[in-house]
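First subunit A sits with subunit B, and in the next complex the same chain sits with subunit C.
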Partner chain A sequence: MVTFKIDGKEIKAKEGQTVLDAATENNIEIPTLCVNESVLPYGACRLCMVDVTKGKRKRTVTSCAYEVAEGIEVDTKSEKVIKIRRMVIELLLARCPESEEIRQMAEKLGVTTTRFKPDEDGDACILCALCTRACREVVGKSAISLINRGTEREAALPFYDEADDCIACGSCVYICPTGAIKMEDKAGTRTISWPNCSQEFKLKACSACGFYFAPEKQLEFMAAESGVELEKLEICMSCRP
Partner chain B sequence: MSELSAVKETISSILDRYDRDKSNLIAILQDVQAEYNYLPREAIAEVSQALDIPLSQVFSVATFFRAFSLKPRGRHSVHVCLGTACHVRGAASILQQMEKEMNVCCGDTTEDKKFTLEGVNCVGACALGPVVVVDGEYIGHVSVNKVKPLLENYD
Partner chain C sequence: MNDKQQKLTSVAELEKKRQGLNKQRSSDAPMIAVCCGTGCQAYGGKKIADAFKEEIEKHGLGGKVEVKTTGCHGFCERGLLVVIRPQNYFYQRVRLEDVPEIVSETVIGGKPIERLLYESLATGEKIASEEEVPFYKKQVRLVFGDNGYIDPYEIDDYIAVGGYSAFSKVLSGMTPEQVIDEVRKAGLRGRGGGGFPADIKWQSSREAHGEPKYIICNCDEGDPGAFMDRSLMEGNPHAILEGMMIGAYAVGSSIAYIYIRNEYPLAVKNAYRAIQQAKDYGLLGKNILGSGFDLEIKINRGGGAFVCGESTALMASIEGKVGEPRPKYIHTSHKGLYNKPTVLNNVETWANVPLIINKGADWYSKIGTENSKGTKIFSLVGKINHTGLVEVPMGITLREIVYEIGGGIPGDKKFKAVQTGGPSGGCIPENLLDLPVDFDELTNAGSMMGSGAMIVMDEENCMVDIARYFLEFLEDESCGKCVPCREGLRRMREILDDITQGRGEESHLEMLEEMSEVINDGALCGLGQTAPNPVMTTLKYFRDEYKAHIQDKKCPAGVCKSLITYHIIEEKCTGCKLCVNACSYGAIEFMGKKTPVVLHQSECTKCGACKEVCKLKAIEIR
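Up next, the complex of A and B:
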């Protein structure tokens, strides 16, 4: 256990824990956009910035990726930190003006307008990499990645069309904090649309009721991973004994 | 030998130079680029498979660095410096003249695959500006009139 101060309050935390987790456990709220308990910290959105004083040195760090340490003093609401968060969210507001999630977060931070020119591409991706991390760390596939650099950076399939590694599970869709990845199941086909590419996948009809309930590739993947026979997985949840 | 197995063989010998070690990915891609003048799709796929790195991650690296190209490049690479010092000495009109002479836009390769034209930001030879770098060779004090004769030196 380590003891340290957060917003003037002395608290104890487990070694190796992040400042963000320790704060959350103590009901201190720090805004985040790129954190999810299923994947490792990444520090992409910079919304969770806090001031950390260690000895004589004061630094502004991402609390989601900063480990607690004995004797540090954390300020989650300093003027500087508030200013940084507002700037970040203002930039994101301009980046994805259509995103409801970003608008709500902005409001929470007291920001309703942006001084920057809004993007017109209709793309809500904030490059938090939650999708690529989920696909790699949770699904174990790494079918998508962040490609290019600078203003061209985006989440995409390799070559924009190579979906061999994708099992159409939709994890990237569920984890996306801004709804930038879309998924639609229709007439036996699942379509997943990442910001600049889209792919169709065949769905499997339940062998008992005929309802298209899961992507074929996902079932094959599950069978291979678990050793359960494929036929046993080809029955939908409601028909399973 | 089919084209694909030729690619496999070439990649395999490059990989051997690096003990098939994942951490050498960038160096490996550099060698592939040197071999083909660009990174062919089949070559990227082959590297990914042989090193057991997901294709998406190799693609991520291949698209991150400017040194890599996914499109076939020309036999000669022409870099027009657009850095501040060269800019104030007229780099923009040099680039324009290049585009006109080659009939391509900056970043593209000529039809005959002779030249690939690109802009760079300062090549560290500001005193010589405007600077053009052709196949790694620095050419200083370029003027609009010198563009055509300069390009005629290459085949």
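Up next, the complex of A and C:
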């Protein structure tokens, strides 16, 4: 265990824990947009920045990646970090003017308008990379990835239409903080729409009740990963013995 | 060196080899040093060297006069460069046709050829010897100097001038701790940007747990204005290898990488060749010179993105991952490449190491300022008479670099600013020209040492446009990972677009300052953190220019097209028609001989062709 101060309060935390996790456990709220417990820290949105004083040195760091250490002093609400958070959210507000989630986060941070000209592409993606990280780190696939550099960057399938590696599991949809990735199941088909590409996948009908319950590719993937026979997986949850 | 070299198996054998080489070579033997650096290759390079060899043969001097193909001498603007040794006659702008005359007049006749000599800008006087040419006179070429004497293709050349003696000194009598201590006492700071003390990284990696430990040489050189790393790698690769060998020994590493950008084919080729030669000589591999120390050096070719030069992005790239930076709250000296202790230094940093070991920290630390020791190589470009690579002692003033080495500003234009440190460096104004150039002084002025690029600007450069230009470059090069850099730089550039196109508002300046501060504090890596520098420094030192754009909708330097108009000065115009013919848009009307022409603003695209051709300076920008 290590002992350190956060906003003047002395707390204890496990070695190797991030400042963000330690703060959360102690009911100190730090805003985040690119963090999720199922994937590794990434440090892209910069909302979670805090000031850390270690000995004589004071630095502004991302609390989602910075590990606690004995004797450090953390300030989660310094003037500097508030400025950063407000600017970041003001920039995102202009990037995704239609995103309700971003608007709410902005409000929480005391920002209601943006001085920048709002983008008009209707794209709600903030490029936090939660989707691509979940695909790689959780599912074990690399169906989608971040392509291009800088302002051209986007999360997409290879060449926008190569879905070979995608098992249509929808993990990216569930983890997306702004609803930028959409999914619809209809008439035996699952359609996943990423910001700049979209793909259809066949759903499997339950061998007992006939309900289209899961993507074929996902079932095949599960069978291959687990060694369970495919037929045994082709029964929906409600019909399973 | 045709027969395969026997591996040297001890320090004594290396020294014997050196003595043998020096017995064959005499320092006052005639030599024609032909620059074959990338710049001079454009003017013939090897072809001219071959012509010299043929000519020498023709005169029956084969074997008596050596023709040496060398790396870059720095004064690329005057290429092709030839130096005739031992007199050190310095010939510039040499072409194939000049070869026979150089051989008969200078090599045989011993006389310099006036036409090929450098002519003083101030006095018009011809200067014969290399050392006296103003471009070289104030330089202290400790690291770069050997480039003009050795063929980068021949390890023997490097050994003959004392190469690998620092490495043998280390192997035969210094402990790793002593090596690190010497580097610490010398005060060596990283030449790749941040100026971080080399010894601290080395020490930290040495003490870190984890095997293997890695050594990396950063030859990514993503800054389009800088080419000193390329020139060193091309012209003297063994000096860099020797530095890395010493570093690896000190840190306890047996695997090293050189990360070279792919756009540097000659540097890649020379580095490969140098490594092979060092292996053949037993200077790389197992049990080097019988010391028990092993080292392998591999080459990794970088993909070309500017951000790949950043330490964590570079390491990701070597690992075969996307070259993107990551937070490095645990130092790479502890967890770097493949999560193992790693020392990353720049090409020039490594090239300084043999020098320190050979001549000692006491000697080295006498050069430079209190906290910046040794020399630094700068690439001097822009509105300056002498462009090229210059190596100067730390602490030299900007004025000396610009006016003495650089020969001042071309034409009768006025100096305006010098930008140091690459695209994210700051612009330093005239009243700071006496600033001593070192890591800390440049940082205090809002700029940085950075890559060592120096871009000189004159009165015809608009500082708002310059800031916009660099920001656009960095916006393009941003990897896009973090919000402040990806979104922030783009928005700052949009504001600068507005200002330079006449849509500027009073509130823009404060907004730019606010954004600069936040991006500087909040971006993930050095690219974003330093990207606002050009904007911040121009706002600080050239605020009036911003105000002129915003309040008066004028561009004082006459650059921003939306804010300028061309005018005919009637008193000066004689109706010569030159401009009428030059204008592709028919915007200038001929009104008859000896009558001033008329410029129709509605047709004018502000291309400036008329002003270029007018001999009477009868066209002005308002």
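One rule holds for everything that comes next: the second predicted complex is superposed on the first by the 241 of 241 C-alpha atoms of A that agree within 3 Å, B and C clash if a C-alpha of one lies under 4 Å from a C-alpha of the other, contacts with A are read in each partner's own complex, and residues count from 1 in each chain.
As a working rule, contacts are C-beta pairs under 8 Å (C-beta built on N, C-alpha and C of every residue); 3 or more make two chains touch, one makes a residue touch a chain.
The shown structure was predicted, so the numbers you read here are calculated from the model rather than taken from an experiment.
Looking at the shared chain after the overlay, A:Leu91 reaches subunit C, while subunit B stays out of its contact range. In the superposed model, A:Arg136 makes contact with subunit B only, not with subunit C. In the superposition on chain A, contact of A:Asp164 is made with subunit B only, not with subunit C. Of the two partner chains placed by the overlay, neither subunit B nor subunit C lies in contact with A:Phe211.
Between subunit B and subunit C, the partner in contact with more residues of subunit A is C.
Judged by the touch definition given at the top, the superposed model places A:Asn148 against both subunit B and subunit C. When the two structures are aligned on the shared chain, A:Leu127 is found in touch with subunit C, with no touch to subunit B.
Of the two partner chains, subunit C is the only one touched by A:Lys80; subunit B is not. Residues 146, 148-149 of subunit A lie in contact with subunit B in one complex and with subunit C in the other. Contact residues of subunit A toward subunit C in the complex are 41, 43-46, 49, 60-62, 65-67, 80, 83-84, 87-88, 91-92, 94-95, 115-117, 126-127, 129, 146, 148-153.
Within the complex formed with subunit B, the subunit A residues making contact are 132, 136, 141-149, 157-159, 162, 164-165. On the side of subunit B, the complex with subunit A involves touching residues 41, 44, 54-60, 63-64. Against subunit A, the residues of subunit C that register as touching in their complex are 305, 322, 326-327, 329-330, 475-484, 486-488, 490-491, 494, 511, 514-515, 517-518, 521-524.
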